[in-house]
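Heads up, the next two complexes both have subunit A, just with different partners, subunit B and then subunit C.
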Partner chain A sequence: MKESNLMILHYATALILIVTGSIHLMANNIPDIGIHGPLYLANMLIFVSALMYHAMNGVRVILIELVPTRSRAISYIILVIGVIAYLYIVSLVITLVR
Partner chain B sequence: MEERWILFKVFRYNPKVDKFPHWDGFRVKVDRGTTVLDALLRIKEEDPTLAVRYSCRQSICGSCGMMINGKPRLACYTRVLSLGTDMVEVAPLKNFRIIKDLVVDFSDFFKKERSIYPFIIRSDAEEMMNPTGAYKQTEEELLKYLEFADCIECGCCYAACPTTATDPLYLGPQALNKAYRFIMDNRDEGAKLRLSVVDSDHGCWRCHFAASCSNVCPKGVDPAKAIQFLKGVIMREKVIGFKKEGTSLIKMPHCVQKEDQRSE
Partner chain C sequence: MRKENRGGVFSWFDFRNYSLERFLYTMHRVSGIGLVIWIAIHTMQNAFPKLFPFMYGWEYTILLLLLSFHAANGMRLLITELGFLLGKTYRPVYPYKMGVIYGTQKKFTIVMLLIFFMIFLVMFYYLMLNMRVIT
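== the complex of A and B ==
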């Protein structure tokens, strides 16, 4: 995948984090706002997905700068770790919300 | 005229002989107009083994870039007394391999510059080889890249860049600035080619906008701004497609005359 595609997603997930993070905070602190059940779960899943991508890509960028000659290997390792962590966190979120 | 004795602490290192670098001290009498380069040349009279690279002495050639009091500057453009210190520390540019003393190896720097095709690319090869006129460029079109065209390739931005310090494969502010300069030139048709180079693991996305490059540029170029604009161009290319106004050829009478003579 081209670097620009990864970075566009990075910026897009940052915006998604602001929106879904705010919804999450409101849902937890304003009881009458009406965000519960499947809506709450959907918001959490979008939030977690965006967070995972944004965090893992951030780590990838840092590592590429620290070990510039291994950029491809770093990207694949981060992808594998990210997918495993993402699946685990999604299952955790679903269990906790339900 | 005010004259003062200033202590110059000069970085010395010859990788072929020395195991470690060391500093040498020299006292030089300077006046209001003495530049760091003038002082170094006086030191060189005293110690001819000191290696310094310089050429034009008027901040045009970009040969005498070095770390002066910890900041990348042109030695010929920096007046000693303007530094306001009794001791001036002179060292080679950071992020470059040292050849000897204050002389650094620019080969990697120029290799990166060459990778972004730093010249006008056009499809009309015949016109380029045997010109019949001039390519039209309005004032507005010129202003789109003019502020990024003053680069003298002194390497000061490269030495100041924190990303280059950690990632030696990073293209660097100079090459990226030049890429943007040619992409925005309406006479150029090589934007796609250049964007494919800068949109890479070690391209423009590695810039964190520390803006150290713009802060030290002796010619007032703003490479940090160019890099952010470059990211914008890539974004536009992805989302709506990057288009720019082309140019037209203004036939020149003397060129047309030559053309006629050739055809005859």
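== the complex of A and C ==
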């Protein structure tokens, strides 16, 4: 994928994170807010997906800036680590919320 | 052969002769790396709560600082990089005026820092409530 498209996705996930992250924090720290069950799970899944993309792309950008000659290798390594971590976190979220 | 102009990680912390935005750039990176480390810690806390107990107190306060700064500065970057709230450009004719960065963008940066502080205070208030420090 083109770098510009990856950065647009980075910005889009940032906006998603602000909304879903606020809901996550409020649901866990303000007891009367009333976000639980399937709504909480759906929010968590969107949150975790956006978070993992945003975090992994952020790390990738920093590493590529530091070692520009190895950009392709860095991208693939980060992709593999990111997918494994994402699958683990999603399974953890589903287990804990249920 | 021309030497590449790359200073590495240490050059992030060289703020001499740079504007406030350079400092914010470094802090955005540092807070981002901190939050990635936090994701790993938070996952471990949820997966193995006995091995990695949940933290409250100063550890959480640092997290809130990183989180509120990264969110507020991220909003500033998003808005300015999409071309909004930038200062007006001008022809470089003597006597030179201040650069584009010192116009609307600088005021917006100050507003962003205030927003960061407000978000941090709100989250810190709820942290103190949950820790039963205040009731």
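Here is the rule we go by: the second predicted complex is superposed on the first by the 98 of 98 C-alpha atoms of A that agree within 3 Å, B and C clash if a C-alpha of one lies under 4 Å from a C-alpha of the other, contacts with A are read in each partner's own complex, and residues count from 1 in each chain.
As a convention for this text, a contact is a pair of C-beta atoms (placed from the backbone, for glycine too) under 8 Å apart; a residue touches a chain by one contact, two chains touch by 3 or more.
The structure displayed is predicted, hence computed values, not measured ones.
Looking at the superposition, the partner that touches the larger set of subunit A residues, subunit B or subunit C, turns out to be C. With both structures placed on the common chain, the touch criterion links A:L51 to subunit C but leaves subunit B unconnected. Touch criterion met: A:L96 reaches subunit C, while subunit B stays clear of it.
Of the two partner chains placed by superposition, only subunit B is touched by A:I8; subunit C is not. Of the two partner chains placed by the overlay, subunit B and subunit C both lie in contact with A:L66.
Overlap of the subunit B and subunit C contact sets on subunit A: residues 66, 68. On the side of subunit C, the complex with subunit A involves touching residues 6, 8-9, 29, 32-33, 35-36, 39, 43, 46-47, 71, 74-75, 78, 81-82, 123, 126-127, 129-130. Taken together, the subunit A residues at the contact with subunit B in this complex read 2-5, 7-8, 61, 64-66, 68-69, 71-72. Looking at the complex, you find that subunit B touches subunit A at residues 163, 166-170, 199-203, 205-206, 231, 234-235, 237-238.
Across the interface of their complex, subunit C is touched by residues 11, 14-15, 17-18, 21, 25, 29-30, 51, 55, 58-59, 62, 66, 68, 85, 88-89, 92, 96 of subunit A.
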